[in-house]
Amino acid sequence: MKITVRVWRQPNSQADGRMVSYEVDQVSEDMSFLEMLDVLNERLTHEGQDPIAFDSDCREGICGMCGVVINGEAHGPVQTTTCQLHMRSFKDGDEIDIEPWRAEGFPILKDLIVDRSAFDRIIQAGGYITAPTGAAPDAHAAPVPKNAADKAFDAATCIGCGACVAACPNGSAMLFTAAKITHLGLLPQGQPERDSRVLGMVAQHDEEGFGGCTNIGECAAVCPKEIPLETISRLNRDLLGALVRGDSN
Amino acid sequence: MTDSQAPTTPDPTLGVDADSLYVEGDAIADTKAPDGPIDAKWQQRIFSARLVNPANRRKLSVIVIGTGLAGASAAATLGESGMHVKSFCYQDSPRRAHSIAAQGGINAAKNYRNDGDSVYRLFYDTVKGGDYRSREDNVYRLAQTSTQIIDQCVAQGVPFAREYGGLLDNRSFGGVQVSRTFYARGQTGQQLLLGAYQALERQIAAGTVTMYTRHEMQELVIVDGRARGVIVRNMVTGELETHFADAVVLASGGYGNVFYLSTNAMGSNVTAAWRAHRKGALMANPCYTQIHPTCIPVAGDYQSKLTLMSESLRNDGRIWVPKRIEDCEKDPRDIAEEDRDYYLERIYPSFGNLVPRDIASRAAKYVCDEGRGVGPKVGDFRRGVYLDFSDALSRMTQAQIAAKYGNLFDMYERITGESPYQVPMRIYPAVHYVMGGLWVDYDLQSNIPGLYVTGEANFSDHGANRLGASALMQGLADGYFVLPNTIGDYLADGPFDALDESHPAAVEAKQAVQSRIDHLLSINGERTVDSIHKELGHIMWEYCGMERNEEGLRKAIGLIRELRTEFWTNVKVLGTNEELNQALERAGRVADFLELGELMCIDALHRRESCGGHFRSESQTEDGEALRHDDEYAYVAAWQFGGTDQPGDVGKPVLHKEDLTYKFIELKQRSYK
Amino acid sequence: MALKALMAVTGLFMVLFLILHVYGVLQAFGGREVYNAYATHLHQFGVPILHYNWFLWIIGVVLLIAVLGHIYAAAHLTVRDWRARTGAGRRYQTNKGRRGNQRSYASFTLRIGGVYLGLYVIFHLLNLTAGTIHPGGATPDPYQLLLNNFKVWWVVLIYTLGMIAVGFHLRHGVWSALTTLGAHTGLKARRRLNILAYILSFGIAIGFLLVPWAIVVGVIH
C-alpha cells in the first residue's frame, strides 16, 4: 500500500518545528509502524535528507521508549505501544499525522524525541522501597495475600512510556505516578514509607509541570499496559490520608 | 606473551590465508578463587578480599556503564555503601535496559517446593547445561547467591506471583526436573529490573549516584596500566565528555545484534566491551551464541528485530512442516494429517517436541534448507515452521489454553495478524543471548586492572549454553552480591591519583574518538549504515549461526573483511556530530560489530568441536548431537586484540587458553535419552 | 496538592445543597398554600434559637464560601493544566482525534459548563431570591413569582440551559469528586460511582426542570 505521513520535524529543542509530508510506497501490512518509518528513513538518507529522529529500543512493547501520537491518539488506533502497531491497522491511501508527546513536562529534543527524565525524577521522589542490598529478610518472611499481589502486579506493569501524559487533556502524569504508588502501597514491604512516598511523588509530579487530574480517563484508555484508572483514586486516598496524618517518615 | 603459530592446515581453495588467522599466546588462569572445598570458596574470598575503610568510601568513585540488571544493581549497591558512582546508559532512562524484556523467570535454589533442589543441584544443572565449558568456581557461587537474590527482590517490592497462602509461587522451566523458577507472570525481567532501577533512583536522589542518560561510552581510558575512566558521547549535543574514576565496571550487555536480527533491543551493542577489548581486555568464547527455537519468523526484508515467544509453548504445541514442497504455500488447515511431517517427533521419538533448544533450532533450519519451510519467502527460502495447537485445542477448552498462553497468543496475533486459536503459529529460531564476553577472573575483574565486567557482557557463568531463567539470576548475582564484595579488594589501594582532562591518556583517547567520528561523517558514500549491518547479519547467520563448518567460516571471514572495507570507504552518514544523530550512533556500533564478527568466526573456526551453542557439523555424534572433545578443547578461549588503533584494523588476534578443570563435577556427554 | 480535594469537598457540599433545594422547589406541585408555607418555614427555621432569616443567611454564607473555594480551585487548576499541556491553544497539529478516545460530553464541558453555571446562579439569585430581575412582574408572593417568571420564554430558556449544564456538570463532577476522595478502588466501586453520578445528575436536573415546565404546560397554575 501507499500512504502519506505528516511528521513533526524539529531540528533541536530551541528551534521551531513544523509538520512535513512524505509519501511512503510499498508498505506491507505486516510491517510494524516503526519499520515503516525505517523504510522512509532509508529513502530520505539516500536522497541526502535528514532522517526522522524517533526513539525506539526493544520494539517488543516493554521498554517504554517508543511512543508517538498518531492521528491524535497516543500510540495510534490500537491500545498498544507504537512498536506493536502494524500497518494492517491502516489502508491504502491513508494520511497519517505523527507528532511527539506534547506536554510541559516533556520538552522536545528533536523531531519525535522528547525528554522524559521527569518520570525518573518522580520515581526518585519516593517510587521505591528502601531496602539496602544485604539487609533483606527471607523472601517468605512477609506473605503477601494473593489478590494484593495480583493487584500490585497489575499496577506494576507500567512501562513509563508517557502515553498517559500525551493523551491527558490536562497534561497530567497522574496515571504514571499512581501506578507506582499503588504497586508499592499494596505490598507489606511498601507500608513503612507509604505516606512519604505519596507526598514526595505527588509534589515532584507537580513541580515537573504536569497538570492536575480531573478524572477524565483518557490516560487509561490509551495505556498499552492497561493500568487501571482506579490507581489514581488509590493515590488520592493515600494522599488525603498522608495529609491528614501530617507527620511523614 | 610469546608468539607461536597455532597448528592450522592452509586451505588453498579459499582466498583467506588460513595459516595467518591467529597466533597462540601464553596460557592464563584465574588467580582469585581460593583453594579448598567449592562450597567454602566464596566465603573465603569475601574474607580474604581487603575491605575499604568506611571513612575512605566517600573518596572513591566508580563508573558503571549500562543500567540493566547487572549495572543498576551494582551502581545502587556501591552507592549505598557510600562511594560515588557515575552511571551511564544510551537510552533516555535507566529503566529501558533490555533486561526488561525477559519473560520467563529467575532461578534460585530456595527449595521452597521441597522437591530435592539445592545449591549443589543448581550448580550441577548449570555446569552441565553449559556443556562443561564454564568455570565451576564461578558457577557454584552463582548458585549460592541465587537465594539472596530472591530475598533482595522481594524486599524491594518485586511483585512475584504468589499462591493463595501468600507465599511465592514456583514453576519448573526448560525441562529441568525441579521447580525452582520464580516469576512475575510473563514479565519477570521487567519487574526485576524495576526493583534495581528503583534502588538506583533512590541513590540518585541521595546524591551518591550521578546518572548520565543518553550518553554512550566510546573509549576506555587507561592510566599507568589501570582502567581510570571513559570517554562518553552526549547523544543529544554530540559533546565528548571525559569521566574519571577509581574503577570502571562494564555492564553493557550482549552482542547478539552482530546478527542484525536478534531478540535484542535496537540499540544493544558491543561498543563498550569492544573498545575495552581493543585496549587489551581479553574477549572470551565469542562464538558461544544462543539461539532460541520459538521466535516469530521474519516477515520481510524490512524486519528490524525478532520477537521471542516463550519456550513453554512447546509443552502443548506440535511442530510440523508439510511433507511436500508444493504444499508449503497452502493454508495449513487444508493439509491432510498424512501430508504433515512432525519432524521432531519423527527424528527424536523419546523427546519429541521437547528436545533442547539447540536441537530444535537446528532441525528447523534443516527442513527449511530443504525448501519445506512455511510463511513468506525471505530471499529464496521460506523460513518458518508450524507450531500447531489444534490437538491441544481439542483436548482442552479454549479458556484453559487462554489461561496458559493467552498473552502469548495475543502478542502473536498483534504482530502477525493471525490467531493461534484458528491457524497454526509460525515460528523460527532466532539469536537470543550470547554466552561469550569479556574475560573475567573470580572477582569479575578483567585482565585490565580496575576494569570489571558483569552480566551478559562477561563470559563467566554459562559456559557454552545458558539454561533458561539463569540470565536474570547472573545479572543480579554479579551486581548485588559479587562485585560489591570483590571490588573492595582493588579499591582498598585507592583513591588513585586525581586526574584531569589534560592527562595525555585522556587527550589521546578523546582524540581517537573524535577522529573516528569525523572519519565516519566524511566518507559520504552510497550505502546506508543499516544496509551494511543487514549484510553483516546475513553473513553471520548463514556461516556462524546454528551450524558452522570450516569452509563456511573461512568464507565468512573473507566476506566480513570485504564488508568492513566497504563500510569504511562507502558508508553514508548524514548530518553532523553536534546534534542528535541516530545514524552516526548506529554507524559507530556497526563499525565495532564488523570487527567482532570476524573474531567470532575465528573463534568458531579454531574450536574444532561442538559444544552447547557452538555446533560444528564436522563434530557430531551418530544421532546428530554435539560432540565435545574434552581432551583438546576443555578451555576458555580468551582472545587478545591484535590490531592497531586504526579503525577497521584488527590484525591477528592472540589466543590465550584458560584450562578448565573440574574438581567437583564429573564431565559427561550431554544426553537427552 | 490539596486543591483537588478542595474542589471535591466544596462540590459535594453544593450537591448536598442542591438535593435539599430540589425538595424545596418541588413543593410547588402542592399548590400555592403549600409552597408559600414552605417558603415562610425556611425564613423562620430555627426560631427561637436562630432569629428570623438567620438560617437562610447562614446557608447562604456557607454556600458562598464553598462556591468561592470551588471557583478559586478551578481557576488555579485550569491555568496550571493549560500550562501543562503546552498552552491553552492548539496542542497537537493534527485535526484528527480531537475528541479523545473515550471522553464523555460531560468531561468535555466541565469547565465551560461551570462558568455558565456561575453566571446562571447570579441571575437566579437576582431573579428569585432578591427579586431584582422580574421579567414577568414583581410580587411578594413566592408562588406568584414563580408563575410570573416562567411565563416568559427566555427565562424558561435560561433555566433550562442551566439545568442541562447542571446535569452535565454533575455527571462528571460527582464521579470525579468521589474518585478524588478515594472511593474508586475497583471495578465494582467504579460501577457504583457511575450509577450514583447518573442518579444525582439526572435526578437533580430533571427535578428542577419539572417546575418551570409544569408552569409552561399549565400543570402548575
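Note that the chains take the letters A, B and C in the order they are written out, and that residue 1 is the start of every chain.
In the analysis below, contacts are C-beta pairs under 8 Å (C-beta built on N, C-alpha and C of every residue); 3 or more make two chains touch, one makes a residue touch a chain.
Please read these numbers as outputs of a predicted model, since none were measured by experiment.
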| item | value |
| --- | --- |
| Chain with minimal offset from the mean of all protein Cα atoms | A |
| Of all other chains, the one whose Cα centre sits farthest from subunit B | C |
| Between subunit A and subunit C, centroid-to-centroid distance (C-alpha), Å | 37 |
| Gap in Å, rounded to a whole number, between the CA centres of subunit C and subunit B | 64 |
| Where subunit A and subunit B are represented by their mean Cα positions, the distance between them in whole Å | 28 |
| Parts of subunit A lying in touch with subunit C, wherever the complex brings them together | 6, 8, 19, 69, 71-73, 97, 99, 102-105, 167-172, 199, 202-203, 206, 209-218, 221-222, 229-230, 232-234, 236-240, 243 |
| In the complex with subunit B, residue positions of subunit A that touch it | 11-12, 28-32, 34-36, 38-39, 42, 45-46, 48-51, 53, 55-65, 78, 80, 84, 86, 88, 109-110, 113, 115-117, 119-120, 123-125, 127-140, 142-146, 149-150, 152-153, 156-157, 159-160, 183-184, 187, 189-190 |
| Subunit A-facing residues of subunit B, complex | 73, 76-77, 80, 91-98, 100-101, 110, 112, 148, 150-157, 159-168, 184-185, 187, 189-191, 194, 197-199, 201-202, 204-205, 211, 213, 236, 263, 265-267, 299-300, 302-305, 307-308, 376, 411, 414-417, 480-481, 484, 528, 530-531, 572, 574-575, 579-580, 582-583 |
| Subunit C to subunit A touching residues, read off their complex | 1-5, 77, 80-86, 91-98, 100-103, 107, 110, 172, 175-176, 179-187, 189-190 |
